[in-house]
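Pasting the structures here.
In the two complexes below, subunit A is the common chain; its partner is subunit B in one and subunit C in the other.
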Partner chain A sequence: MGQMGFYYDLETCIGCKGCQIACKDKNDLKTGELFREVHDFEGGSFPSPYVDHVTISCNHCDKPKCVENCPTGAMHKREDGIVDFDHSKCVGCKMCMWSCPYDGPVYLKEEGKVAKCDFCKDLLENNEDPACVSACTMRAIDYGDIEELKEKYGTNQSIRYFPDLDITKPNIVVKQKSR
Partner chain B sequence: MFSQEWPLIFFTLFGQLAVGTFIVLMAARFVLKRKGITDLRWLKPSLLALTVLMAMAIVMSMFHLGSISNAFYALSNAGSSWLAREILLAGVFLALLVATYAVSHTQKSIDVISWITAVAGIGTVYAMASVYVTTIIPAWMHVNTYVAYFGTTVIYGVVGAGLCFMVFDRKEFFTSPYVSFMKKAGFVAAGAIIVQLIVLPVYLTSLAGGAPAAQMSLNLLFENHAWTMLLRWLLTIAGGGLLIYSFYRYADRLTKHIPAFIYVAVALVLIGEFTGRYLFYISGIPMNIG
Partner chain C sequence: TAVQAEELQSSEGEWIPAACWHNCGGRCLLKAEVVDGIVKRVKTDDTREDSPDNPQQRACVRGRSQRQQVYGVDRLKYPMKRKHWEPGGGNKELRGNDEWVRISWDEATGIVASEIERIRNKYSNRSILVTGGDIGRALNLVGGHVGTWGTTSWGSWRWGPAYFGLQEGYFEHSINDRMDLRNSQLIVLWGLNPAWSSPGSPTYNFLQAKKAGARVIVIDPMYSESAELLGDEWVPVHPGTDHALMLGMAHTLIEEDDPDSNPLIDWDFLKSCTVGFDQEMMPEGADKEANFKDYVLGTHDGQPKTAEWASEISGVEAGVIRRIARDIASTNRVALLTGWAPARIKNSDSWPQMFMTFGAMTGHMAQPGRMTGVSCHFGTGNGGPRLVMGGGSGVPPGAENDVSDSLVHAEMWDAILKGEYTAGYNDKRDIDIQMIYHGMGATLQTRDGQSKGIDVHKNVEFVVTNGHFITTNAKYSDIVLPATTPWEREGGFNVGNRDALFYYRNVIDPLFECKDDAQITTEIGMKLGFTAEEVYGDVSPRQQLFNQIAGAQVINKAGTDYEPLVTITDKDITEWGVEGEPQKGRITVSELEEKGVYQVERKPGDNYGYIAQEAFRKDPEANPLETATGKLEIYSEALAEYVKGIGFTEIDPIPTYNPATEGYEDTYKNFQAKEKGDYPLQVINPHYLRRAHTIFDNNPWLREAWPNDVYVSTADARERGVKSGDTVVIESKHGKTLRIAHVTERLIPGTIGLMHGAWVEMDEEKDIDKAGSDNILTGAIATGQAISGWNSTICDFRKWEGKDLKLDKLWEPRTV
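The block that comes next holds the complex of A and B.
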């Protein structure tokens, strides 16, 4: 029961991509395959230039279109709210990739199947933190029950650089960089 | 990325050609029957050709899959997935085509089975479009997708039916009842083109006012493919116009000899619609962070 989610402190994030690398290593991904990606944005002009970093993976949404549109049922939502996938059922149709506005599902070319962030469910079972959370040197990523995260860090109405949150209702709390 | 979509271009176009042609042929059958014409020599070979075409469409779609060995799971989530429904309906339509072909060899009427097949065909095209409308790709999440898919179905249907008459029963094709039917069918196809052209500015305007991905799609269409877009409509309109014109101007002469421009006109329509579908897939830019 409940709903797992992530908290991102983008004010603190320095864009080191440690989370991205730890995730890639944990999932043994090939070149060009990322379950977590750090996007960098530059803008502004002197004297107020800015660099923003946005770390993102699967948001284990309340209304996951990937689950709704997956023809095989390989993509599914667990009782703890994690959007998981059954690798043995995936037909490699990429429908989930057309259904996620966050690039959550990733096509693994060698396998001809799609995979994604599973919240490091194996680590969670051993009471360990997800790889991205452990790897973050700035402690900018937290995780847990989304209601507890909202209580601790507040809620977000809309987030800079993010598609409309109402499309899939992502389970994330984001502290935006103030500007 | 785009090279992966070729199988889908062929699946949707072949599928819509099969559905459209079947419906127009059955309409022709109905109209001709009312005029007392029941000896339809084109019927059986056309049904066989459509069965082969639809089977080819389904085979083409398989090439889109990364793990074909898991294809049998692809119907599991038909409760919520339009892709599963599309696969299911395409399979049902093919099975019904086979059934219609089988019944056409018996003494029984194909009236009932042809109606059921036509409904399954329309359902298949609706599901095909819904697959794209329910994505997070703004260029596809628009009523334009339904209009384009059903538009192609009608246009290809009329051309496909004409080809079936021409190939399988040329002698009868240029007799008055057939010419009269094709004239009317030609105007239905022209209507399908007009509806698409009416929706086009609404669609492009919605892209202009949409999310960043929508605007990227619009930029891609206008900056890289403006001529392709223009060509897409010119080909379909020129080909379609030429075909309709030929039925008015040359109907009496066509019985003896079919001039090359008829084939060119058919090719123009086929290529025009193909180009439209190519643009549809190439403009599909998903929403993302940014």
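The block that comes next holds the complex of A and C.
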């Protein structure tokens, strides 16, 4: 089975943070706990400014450092490429958080364990879209098999505001504004 | 416990259409998954295939956070009394700082009823002020109460346009529908930011118009998210100077127009559909010299309203003014769209008429792809009558209010303190308010001159609030009564954009001791000696809901009339235990109950399109407007008379420019010499996605997502040594507030963006607000048609030398 990935149309994203909130609701997260976060970047200068928004969660990487560095095997990659976690094995050591360049893993204070985007795997099993995808009022998020996404939307050599893609090989396709 | 939470998460529940009822400027579908009486999560519209023509009505960031509202740790759970309250108020200065004590419903309604009786006997019913809600049903049975009124969100679009021939933009629209917007070649977004102010589908609809080829010019003091998404050009303008800018554009057209070689003005349209443009077009009996064209040319006042003149006021370069004017005038199909924000300006009564006048000059009205008018709230980019709507509940109207006094929002706090209010032209009346009942709304937070409002609340003898939280209204009350949210009620309809109707039903039982507002009013009425039927009639909540369903209507296929929406069978009536008649409609009751939405299927060129004032333009004599002349009135004596009659300020019959009180010009000590004054900056109050007005301000998920920083321009920040992240104090002549600075290139220098609706948090020792409450900076200054002119406020800011503010998300909730 292939590899799941996300597509983000950052030309159309208005930075409303609806995906961030839908994700919090789905995963019942507290303040300070974000599996998906929308970041704002401003630039240019008056009277020609610009503002960019980047929505990001776990990128379910090909070479996930979190999995590589997890000492207990709690963090693992599923057959469909989703990087998932197993709370029965997690000891809350935060190695995964330290390893990930995208702040994917999140420490849940009350549980003393790490969790993260699991691609709404329970919704996928019911043939439903991940919470962030069905939440987007601008239809700027898509998902699916990464090869199909690449075919449909192209590939990225690099993504503005992102670390070097070669480090972990994230499974996302991003449509960026031309600047 | 964690185990229970785990079980809840793994159980499958029932999806129930849940109300998303807020005054946010949009309307969407929300559904709640309920397991064992608890909402596990929410989702939005998945009831239809999603397409640009027929989009799912997806809920925004606020709707998606609604579990944090309904289940907020700070929800009001029980009736509460201010600890040191006693009849007559006791130490009234303690309001806002006293402790809260839980009391029974019996005691709470007893106190409210006895204070109503005491105050009306000691003073009169003219001493009881109601700011909202349905408590009037009880009060009117014992002689009535004083009310409030004003232009609220509309600004000067509220009452004036009826006199000169456009619509106010909420109930009725002067713009075409969203399908026709795709026919426009150029869209001008003049002071509107749907990405923040019109959640749900509007921004997505605008994107379709853009994809269909429209260029977009955004005229706004702030480079908004809408400007980023849609704009081909951003024209930054000083707040409240839009009128001057448009006069400069009108001058350009008058100066450059040549019907043969350079046709810029649509003379045919002006002649057939308007009055007042030039000497020849003046209405009968009017002074011919008082026409618009001569005003623009400065024929009589010696001041031509040239692009240069407009540039000095608006901050837009003269060359840009001319270029935009030509661009609009020489493009075939243009949509001139404006929000209400540029009209939430003191003295702006002539601005909507100016907007209409420019639309008329260019002829961009009443034809496909051509429109001029208000595009905001439910009607954003989608004008026209509703295609589907709910029915009435059948609740009989309450008793008449025997008190006719009503206070203007922008004046009322001052009026109460002074004991005198403006009732009309040369008509001042005494007033002695001693009791305030906040039945709903956020009056103390959202009305002009909040500092005076707080003083009022510390002076009167009794204050009571129905609410969900210790909101600003509740904080300064003696008694607070916990109300249910619509999730805890029987159900109903919510309307929004014209395409869709939203149905919601009971999601959960009332939390703790919360009661419906109707029930609260009924119980207070009973304490006043009346029966429940006398207060609210005898239509049960179930029957009320059924009546709304049975009365729901949808446009017929031909687009000519309405027909019943819902099929009702004898079995439905029996199952519901209500009275009613079977009927044939489009969908069954159970389909409505399951889906929670009915959306009229649209396609370009269908029977449901809307071109505003189309018939009027085709044949103005046969289809006159409801103005005095039947035409669009560039000269409108009726408008000038109406404004004069309100009793504050006066205007001319033609749209002359009147600088705003506390507007751009007032930032100068000497405008001619360009010497800045003590308050050199202007304040705008953008609607902010953390809140719907004031609602959700306490929501922890939204506090995290939207921190509520004050936006300040790089130039102004540099001048004051302020960096992003610094705590700053913002000061006007009316009050002071603290916020964390967000230094940005996205604002025209000289303007700050203080987001609308934060709940005031006074540090009483320092007399300073810490929450960024917009109305702490505004004064109680009424002008024109009773405008609340929030976007005309002036201030300065500086680095705060005291303790840095904590991020709002780290603030303690107001749990009681």
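Here, the second predicted complex is superposed on the first by the 179 of 179 C-alpha atoms of A that agree within 3 Å, B and C clash if a C-alpha of one lies under 4 Å from a C-alpha of the other, contacts with A are read in each partner's own complex, and residues count from 1 in each chain.
Here, a contact is a pair of C-beta atoms (placed from the backbone, for glycine too) under 8 Å apart; a residue touches a chain by one contact, two chains touch by 3 or more.
Owing to the predicted nature of the structure, the values given are computational and were not obtained by experimental measurement.
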Which of subunit B and subunit C A:137 touches, first, second, both or neither: second
Tell me the contact category for A:4 with respect to subunit B and subunit C: first, second, both or neither. neither
Would you sort A:56 into first (subunit B), second (subunit C), both or neither based on which partner it touches? first
Pick one for A:149: touches subunit B only (first), subunit C only (second), both, or neither. neither
Kindly classify A:120 by the partners it touches after superposition: subunit B alone (first), subunit C alone (second), both, or neither? neither
Quick check for you: in the superposed arrangement, does A:18 touch first (subunit B), second (subunit C), both or neither? second
Taking the two structures together, which residues of subunit A meet both subunit B and subunit C? 111
Would you mind writing out the residues of subunit A in touch with subunit C in their complex? 12, 14-18, 20-22, 24-26, 28, 30-32, 34, 38, 42-47, 49-51, 110-111, 128, 131, 134-139
In the complex, the residues of subunit C that touch subunit A are 2, 5, 9, 41-44, 46, 50, 58-61, 64-65, 67, 195, 199-201, 203-204, 207, 223, 225-226, 228-229, 234, 236, 689, 700-706, 713-715, 744-749, 809-810
Counting only contacts in the complex, subunit A reaches subunit B at residues 39, 41, 54, 56, 65, 67-74, 88-95, 97-103, 107, 111-114, 161-164, 167-168
Subunit B residues touching subunit A in their complex are 4, 64-68, 70-71, 73-78, 80-84, 87, 131-132, 134-137, 211, 213, 284, 286-290
